[in-house]
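What follows is a pair of complexes built around chain A, which joins chain B in one and chain C in the other.
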Partner chain A sequence: MIWLRRAIQLVVTVLLVTLLTFLLTSLLPGSPVYEICQGAGNACVKQVTALDGLNKPFVVQYLLWLKHLLTGNLGYSYTEGASFGAQGVPIASLIKTAYPITLEEIVFSQVMALMVAVPLAMYAALRPNRLFDRLSTTVSFATLSVPTFIVAPLLVLIFAVTFHVFPGPAAQIPSLFSGQFLTNLHTMFLPAAVLAIGSVAVYQRLLRADMVATLEEDFILMARAKGLTTARILTRHALRPSTFTLMTVAGIQVGGLITGAVIVESVFQLNGLGLLLTHSVAQHDYPTIQAITVIVAVAYIVINLLIDSLYLVIDPRIRRARATS
Partner chain B sequence: MPERPADDPIPSFASEAPADDVESESALLTRPGEPSGVDLVDEGVLRMAEQQSGLFIDLASDFDTQAGVQPGRAARGIPRVRSRWKGFGWGFWVAIGWVVFIVLLAIFANLLPLPDPNTASNSCLSVAPGAGPGAGHIFGCDDNSRDVLSRAIFGTRVSLIVGFASISIGLLVGGTLGLIAGYFRGPFDEVMNVLANTFLSFPYLVLALSVVAFLGNSLFDVTLIIAILAWPLLFRVVRASTIEYGERDYVLAARALGSTRFRVVVKQLLPDVVPSAVTYGLVGVGLAIVYEGALSFLGQSVPDPTSTWGKMIAEGSQNLTQPVAQLLVPSVAMFLTILAVNYIGDRLRGVLDTREGAL
Partner chain C sequence: MPRSYDRRTFIANGLKTTAGAAALGGTGALLDACGGSSKGGGGTTTTPPTTYNVKKHLKTGWGSGTPVRGGTLTIGTEADESGFDPSEVAFDSTGVMYARTIYDPLAITLADGTIEPYLAESITPNADYTSWEITLRPNVLFHDGTACDGAALLLNMKTYLASPLVNFTLTYVDSISQTGPLSVTINMKNPWVSFNAWLAGYIGGQIAYVFAPNASHKKTLNLHPVGTGPFVFESWQPNVKFTATANPHYWRKDSAGRQLPYVDSITFLPIPDVASRFSALQTGEIDLMHTDDDPTILQIRSLTSGYAYVEDDVITVGQPDMDFLMINTAATPLNDIRLRRAMAYAFNQPNYRQVICEHVAGPTDGLFPPGNEYYNPAGTGYPTYNPAKAKALVQAWMHDNGGQPPVVPYGVTQTPESERAAATASTYFTAVGFKVQPSTVQQAQLIGDAVLGFFHVLGWRQFANVDPDLNYVFWAKTAAVSHTGGFVTNFARFQDNVVQSELDKARQTADHATRVAAYQAVEQRICQDLPYIFTDRDVWNVCANTKTQNWNHPTDPQGHVGLGMLSGIIWPTEIWKTT
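Let's turn to the complex of A and B:
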């Protein structure tokens, strides 16, 4: 039953997301046709109207758009490769080349964030309210108040311009699987680090709080009594039960990371989804904006659903409770 | 009773007070299933008596009644209750000071002896564009020979207007809807919930950028767009606390005494919900400033020549080999402002709001 309810909720939310995105067009003053043609004449108006089905009723337009969306036909860009009388590049292909970069950036940043946050949280949880703990809490609070668009230029200034440790903006990025694996990681390091900084603060705080609670449980005392080392207790016993809040928040974080990615890609000129979106907005490429918005929102919903189901994998107690009920 | 923060001065009073049994009694009274009509009135009268005699302290209710010392306590030999304002710590007052400072700067920017922020100044034109700090220009000039300090001060206006106005709109819309949905529940609540969740399914900046593209980027548009981002969160906060307070005895009592539903919402629930809504609203102001900055940074907020912090940061990061004052000045101003607003919100929530993590 729970799954059925979830599934219905998911479908309804996704449908509403597409509807809202489609409704954006109605915010445009006048018909989008004139926006597209920009005084290119009646021939253009007729052509575009017929082509995009803009003469049909609103509901039909929406359903048509939805049908195209479901079949992977995202329409054609108004600006990219478009000229009078010629259709632009298919948006699907634009997105296909852009999304791996954004994905890599986000995954890389999360790996980085966890590698830093987990040890910090463990150390802070071992000695709660001592100097290190307080210091790290203060630092994370301050870190959370620095927006990405301040961190990114500062890191570029320090690590690329002043010290030349990492390549700066507009560096060429070889594909991850082209044999230049290390060059790729080296170039991606700074963008990913910018995204990681905010996550480290969040993860460190959450994991530390949960860990402090876990360390007070009986099974930890038991493990201590058996003579296990602190390191083993922390990594093998305390870590897993302390990760639930972390996981939920990690899912919610994805939204913030996508937001961050838009900024980071603009600073570093990485050709990911974020830069594509920024360019499309600057050039009033409406169908591309709609396509990116819808895809990103649906991906965000699905990721959160997946993380929800991950609970079952991580916590056997929930699995058993669900199986018996 | 809801859980109280550890640093709160009041719990110690409540647990030591002779009125202790009253509190546990009222806790008992909430539990039984369906009380009869007579019971309802009795509970209500009892509860009102408690509130009026000052024996019963509702932590999250009206701010003023808690702030002062309640009459009648000292006479019974109970330790005086400290003013709530003293529990905030010096950091809180520094943060307040900074916010007041930049609000004053924003208001009186025209009266300050500053060069025009939007046109090139003559003394800047005589040096290289993007020159560092020099005579007459404490923070130097930007690439278009405009005074950096002046632009930073005038840029405060956009951040503050968008930050506070958008959250006010969001609070008004989201808060009203949350009150109605939380008290009346039913189909309206369900529909509003789904709608709020749908809005929250869009990553903020993506939604903001696409709405800007379709709607436009005047100061009003940007404020509106950030209000659109903010309302679902504020709706959720207000709805959650309305549900919590709606189940309390005094609401039931008010209904039993013949108050209309509308009166209950306005007179009983609204004053309870306001403190938590305002503290979350403050955190929202910080976020709103960040998102306006992000739009500005991407060149999609208020059009030129109006200066904004985000725009200055974007311009300053174009060429990082020159003097970096035009990057650092707006960055530091923005960081301090967001930090201050977040800190104020965090402290207020610690003192006022008992439900941590209601989101």
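Let's turn to the complex of A and C:
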């Protein structure tokens, strides 16, 4: 039952997102017709307006678009490969090329962030308000306060341009499954690191706070009394119950990461969804903007749904409570 | 021009109108004072062409040693194209390089500005230039294995004549017919002496590029181009990458009989963010890049080793890009010459060059800068900065128009650079009594406004080409009235009988002195009528690592030196990479 409710919520949310997306892009100043016709004159404007249904009422346009969307037809780009109103390349093919890069970038960045944040948080929680804890707090706030558009070019300048440790912008990224796994990771490291920096600070602070509280619980005292090592207590007993806030924020962070990906992909010229979105906005390629927005929104909703479900796995109390209810 | 227009800006009608909106950047005057210089790699082989400023150029980008075969050449461009069909997509700087990769132009511009056949074996006018016969080279095949012959060329020309993108530039053309197995004859309504310049394939001259009829019939040309060029199309991901591989059957060999092209493949990476493009060059992700962004040009100039660069302000043939404010001379209140003159007097070009253009190029007072073959040493008559005169003219206008200040809407593209430039320029006009209303609009909207006349003042960039005749459609009186479809190409809508007759005279005469005089007369009329407030000359820079050789040394099939980089455009055919 709960899953049915969630599914209905998902559908309603997605529908609202599509409506808002369509509405907002429609409200943008100017007309996509100009982009399509590129000054080819009134005849082209009239032709394209009629052909693409741009002269129809908003609701009709939206329903037509939704109908195509539900049948898997994301439409055709207004600009890429298009000329004088002729259809451009299918948006699905643009997205198919772009999404693996953004997905890898985000996953890699989050793995990187967790690999750094979790040990730091555990160590800081073990000795709260001591030198390391205070130092890590200060560093966290410092990294949080530096925006991505500053961090990205700075890292490029230091690690790519000056020391040539990592490839620079526009580096060609081999597929993760092309047998060049290490090359892929090497190329993706810097962009992922830029995204990870902000996450590290957030995750470290949240996990540290929760873990400090957990370490004061009775079952931790019991574990200590039983003579378990500190490492075992931290990893086997304290970590799992301390991760609820971390998981919730990680889910919410996805939206911020996608925003960050727009900047990172622009700086590094990674041909992911962020860069595609940037191009589409610049060229007023409305169908592509709408398609990307919907995909990102659905991904965001699904990820948060999955995280909700993970609570059941992590905490037996929630599992039991739901079973009882 | 990233700071004003990216490439897909202009387009359409204007072919060449890569016109960048935005009054940005710029600079001006004496090329010797502010122009670019060259340094770094590139060896020497022969005497440099006389049209280059030798002190600055030093034959940068000329190959050194024996050409090396193999490797991949990667070029970073300011933007991507929206396709490859020359009859449907207006090529800007990037597009022309794409075209030179896949197709061959019928002609080539040499370093001294003369036009020589390229894919064509001969391009021959009749005695009075009312008929041009183009004869193709024998045994040239398209990439799909079909023959590049007279029938193919006829289809090409008929396609261009039917294309709304191109046909308005061919108003002199009366008829086209195939006159031999490899020949097509184009009959003109009037003499057209400079027609061959349109066949050299620069911005606006898209009719130069010969595509395979099969691809055109199948309507696949825009996404999968087929030509006779040095490289064969392999793949294109819009805004991501365009890759082509060496054409093993290419018809050209170098002067030593070596098969061209030298590199195995070529990849173009559109990198709109100029800082990222420059970083990519420095990290070796790309071998060569172009830019007209002034701060980046200054950074490139400061490179000490490992790179070579050229700037096109040393090229004196044809016509350079100019940045200017374009005025709608048909709209109130700027249809009053007093106000246009007041704007010209009010524009503080020295200050603008310092604040906005960072002195990358020199000042400008007309269409043809000093050193250009059409430059008028007697002066253009363009007003120099004089705010007192500007104020007086505005006051006079206000006296005749109810005492209210003239209101001037001023549109630029939505970029920080454009807005900054517009804000700076607005202060000049406000100071003398104008009420300026800056606004930003989407790029395509800006073009649409220019085409349809829905503007008063627009930031703009335009005019680079190998022959001023390619700008005929932007200045002619006949182009200031509506074409089919409701648009005009003389965007400023100035209708000057003298300009029209001088443009026709220049187009119809074979006498160079007469041509020069005609274009100087056009320039003077424009500087009197003031449809444009010149802000600076636009300078393009192409920079490559020193492993990349011979990128600024194109030759024609007879070995004559071709025109080097212009408007960020180079030839990929004869480039090689050292290990």
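The working rule: the second predicted complex is superposed on the first by the 290 of 325 C-alpha atoms of A that agree within 3 Å, B and C clash if a C-alpha of one lies under 4 Å from a C-alpha of the other, contacts with A are read in each partner's own complex, and residues count from 1 in each chain.
Following the convention adopted for this analysis, a contact is a pair of C-beta atoms (placed from the backbone, for glycine too) under 8 Å apart; a residue touches a chain by one contact, two chains touch by 3 or more.
All of these numbers come straight from a predicted model, not from anything done at the bench.
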item: Which superposed partner A:Asn271 touches (first chain B, second chain C, both, neither); value: second
item: Which superposed partner A:Pro167 touches (first chain B, second chain C, both, neither); value: second
item: Partner chain(s) touched by A:Leu4 [first = chain B, second = chain C, both, neither]; value: neither
item: Touched partner set for A:Ala225, first chain B, second chain C, both or neither; value: neither
item: Contacts of A:Thr79 with chain B and chain C, given as first, second, both or neither; value: second
item: First (chain B), second (chain C), both or neither touched by A:His279; value: second
item: A:Leu157 touches, of chain B and chain C: first, second, both or neither?; value: both
item: Chain B versus chain C as contact partner of A:Thr25, first or second or both or neither; value: first
item: Those residues of chain A which chain B touches in one complex and chain C touches in the other; value: 153, 156-157, 161, 266-267, 282, 284
item: Chain A partner contacts - residues on chain B that touch it in the complex; value: 194-195, 197-199, 201-207, 209-215, 286, 290, 293-294, 297-300, 310, 313-314, 316-317, 320-321, 324, 327, 331, 334-335, 338-339, 342-343, 346
item: In the complex, chain A residues that touch chain B; value: 12-13, 16-17, 20-21, 24-25, 27-28, 141-142, 144-150, 152-154, 156-157, 161, 254-256, 258-259, 262-263, 266-267, 277-278, 280-282, 284, 286, 289-290, 292-293, 296-297, 300-301
item: Of all residues in chain A, those that touch chain C in their complex; value: 29-31, 34-35, 37-44, 77, 79-84, 86, 88-89, 94, 97, 153, 156-157, 160-161, 164, 167-172, 266-269, 271, 275-276, 279, 282-284
item: Chain A-touching residues of chain C, taken from the complex the two chains share; value: 6, 8, 10-14, 76, 80, 82-83, 85, 88-90, 164-165, 222-223, 237-241, 269, 271-273, 275-277, 279-280, 282-286, 441-442, 444-445, 447-448, 450-452, 483-487
